[in-house]
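Structures follow.
Presented sequentially are two complexes of chain A, the first with chain B as partner and the second with chain C.
Take a look at the complex of A and B:
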């Protein structure tokens, strides 16, 4: 177990910089998720921590060792890959024992550790089989087991669930979270699925174009997205975002006026991006009029897409069975649920309650 | 139902015809090599009435055949070993590393393979004479490599490309060096591909006539296909010995295929489907 520290880590391919000045300190036992769209540099960063990619600049420390220039095998890490990367020619037992054999552990110790991991992940029945004979979920558990037996300083997981079907993904998500609680080793988990990030992480690192956009606890990132990108990436359904300007005590987007309330006093005419989450809308009060175009029933909630003053938006409300196309709902956006961003830079305007 | 039975029957019939068509000459060769001289050119029965090993005895005791056989073993063996070592290294590098112009390398190699051997053979011969390697087994091995190496690289390149790199990375994280991951994980998984390349290289070298007849002039350095051909003189054609010699050429191939066909077919399939 150990802390991990990345200091000014940079990755370049020739003239192209794919990771810019990455700084992060991961506490001992923390579960950190790197989140972002594909090509944002999250996997590259993980692979640099693993030692599978050369580091173009900066340092990586695991525990109190500088591992920047060490081979993967000397970093005491374990990694779980998206496609499981099990050794197809070895049995499940041998897959899990491989790393331990390379470390020249005594035979009894290897047997003991593999048995423990197999028990923890419910793999006892499968130890004699070959990877080809397992299902996706089982293979992923073997990959976890192979990581587990080695008692690494840190677990690196590279989109481990994206090859699984939706139902299995939810179950494996819970298993990984439970595993983390039980063993308490730091984990770094890469995903493009914001639900995985929200549900599992102690802290989320959101990346775009090789640049860290925001680092924070899931709810913090949800409540106070640092910029337009984070605002639109976190949360499902997506946040409604509009470009407009400040007009008196309102945000003015074309014909629509949204009261700013106690929000920061902003100069008249300043160009802003204004956003609110579909689930934060309060229906039945306020002056804004929403015309329903499409109703999606999600069970507990009802998701409506439609327009307000000609602007497309989504709102999510408690279950309503009577809504249909063409209905008009009045709504308001409660105090503190309105997000304001600088239109030119995209970053959050948030002086009032900082 | 009956329709599919008819279809099956017809398919089997066609298959059988092809097998008979291609296997009969081989069978006739084997049978002819044990038929005594009196009946060799007159008897038409499928199974000879009298067996003799006379030709084999003549071949092995009175001609240079054993020497030629040994030459062929040396040449084919060296070709296979060198092809394997170089092809594995080149193919792996081209498949895994960012090599400048790697596509050009592979395409150029394939082009070299498609080049008619005769066009390569004559300049090569001139070259070998110049550097003092004329009429040597080494020159023949080098000539065979111009065929086997491109084929091997091309085939293994496709094979390595289809092995997920993550498996090697997993091995590296598990404690292997890059070379260790290659030896412990990549090579065992590539066995079908390696065997296919080895068999192909052996086949090309073992049965080659064109290069051998150009590169080799002295009797002691001849390989069996050339040695056997030189037994066919203008006035004297010893069919029995030629058939016995041919049977002995074919024997190793038969043995190789019998034992390795499983891997061979697997390897060909892997290359064909995903390549």
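Take a look at the complex of A and C:
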């Protein structure tokens, strides 16, 4: 077990920089998720930690060792790939034992470790099969098993669930989380699925265009997104965001005025981006008027999209069976649920009630 | 035309051509082997198995079988080793890769006659470039066609030169289907490059390799043009294989029945070898 530290890590392909000045310290046993849209550099960063990709600048440390220039096998890491990457011609047992054999471990030790991992992941029945004879979920468990037997300092997982169907994904998510709790080894997990990130992570690292946008616990990131990008990326349905300016004690977006409440006195006329989450509006209070356009029933909740003063937005409320197109609801945004960002930089304007 | 009758029409054409150009000549040639026939115009005379008795008791038959097998095995092994090695190199990324890939297939595209003539010029005693090169290094002249082993070596050399590109092309195509993540998983597992070749590349390309060896085996065992153009089976019949022998008997010695018997035996031997090969390496994976 070990801490992992990335210091000013940079990745360049020729003139193109795809990861900029990446700094992160991962505590021993932590579950960290790299989250971001496609092409933001998540995999590249993970692969630099794994040693599969050369590092153009900065250092990577695992434990007290500088591993920046070490081969993957010398970093004591284990990796789980999106397409599982099991050796198709080897049995499940051999797939898991292969790395240990190469490391010249004694036979009994190999058998013991594979048996333990197989038990933990419920693979005992499958050890004699070839990967082709397994389902996607089983293959993913074998991939985890292959990582597990190595006793690594850190598990690196690159979108391990994205080839599975929705239901299986939820189950494997729980299994991986349970596995992490049980063995307590650090894990770095790459995904572009914010639900996976929110549910599994101790801390989320949100990236965009090769730049880290925010690092923090899931709820922290949800409650206090550091900038407009994080605000819109985290949370489903997406946060309602509008560009406007400060007008007295209100945020003014075209015709719509949203009271700023106890928010810090901002200079009149300052240009801001203002946002609130669909699930945070309180219906039946306040002066804002929402006109329903589309109703989506989610079961416990009802998601409505529509307009307020001609501006498109979504609100999510407790289940209501009676809503239909054209209905008008009055709503308010409670204290502290309003997010303000500097319009030009996109960064969060910190609130007084911090 | 409905879908079904289209299928039958296409199948029919295929079957008919196969019948006309493959099955009929084979049957014809096999049946010839039971007749004495001194030319294609005379009246054949039924002799039963006598042609076979005479061929099988002829030392030249066994020599041709041995020499043909040695030639086939040597040239296949060399084609495979060189072809795979070349494919691995051409699969790396380097500047001008496309050009090198294109040039490397050239020998395969040239007609055999051209390749053989080029080789003969290159080793020509007075103007050959290889002869001059050997000279300039102070090495003794090689008598390329004069001793049995040198002639065999020359035949193998030209065959390898001509058909290695075929192996390279097949293998290169296969290499591109191996997912990178397998190599990466193997790197994390702690393999070196050689172990990755053994544990990832080879098993992944086993189906291709099986087919390539089979095809090359059939072609090299039945090879006629290279040997005929290079050595005519000489010196003293030492490089003659069954194909050349069959031709020589039928068309040079006017023993059509004997030639047909050699061809039939060659066909049977090859079929048996292929049968054994498939037993050892079944085509379906896992």
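Rule of thumb we're sticking to: the second predicted complex is superposed on the first by the 351 of 354 C-alpha atoms of A that agree within 3 Å, B and C clash if a C-alpha of one lies under 4 Å from a C-alpha of the other, contacts with A are read in each partner's own complex, and residues count from 1 in each chain.
What we mean here is this: contacts are C-beta pairs under 8 Å (C-beta built on N, C-alpha and C of every residue); 3 or more make two chains touch, one makes a residue touch a chain.
Bear in mind that the values here come from a model prediction, so they are computed numbers and not experimental data.
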For the overlay on chain A, clash or fit between chain B and chain C?
clash
Quick one: classify A:178 as touching chain B (first), chain C (second), both or neither.
neither
Pick one for A:98: touches chain B only (first), chain C only (second), both, or neither.
both
After superposition on the shared chain, which partner residues are touched by A:328: those of chain B (first), chain C (second), both, or neither?
neither
Which of chain B and chain C A:130 touches, first, second, both or neither:
second
Answer with first, second, both or neither: which of chain B and chain C does A:72 touch in the superposed model?
both
Which chain A residues contact chain B in one complex and chain C in the other?
50-52, 71-73, 77-79, 81-83, 85-89, 98-99, 102-103, 146
Per the touch rule above, chain C residues touching chain A in the complex are 179, 181-182, 184-191, 195, 199-200, 203-204, 206, 285-286
In the complex with chain A, residue positions of chain B that touch it:
164, 166-167, 169-177, 180, 185, 188-189
In the complex, go through chain A and note every residue touching chain C.
50-52, 71-73, 77-79, 81-83, 85-89, 98-99, 102-103, 130, 132, 146
Under the stated contact criterion, what part of chain A meets chain B in this complex?
50-52, 71-73, 77-79, 81-83, 85-89, 98-99, 102-103, 146, 150
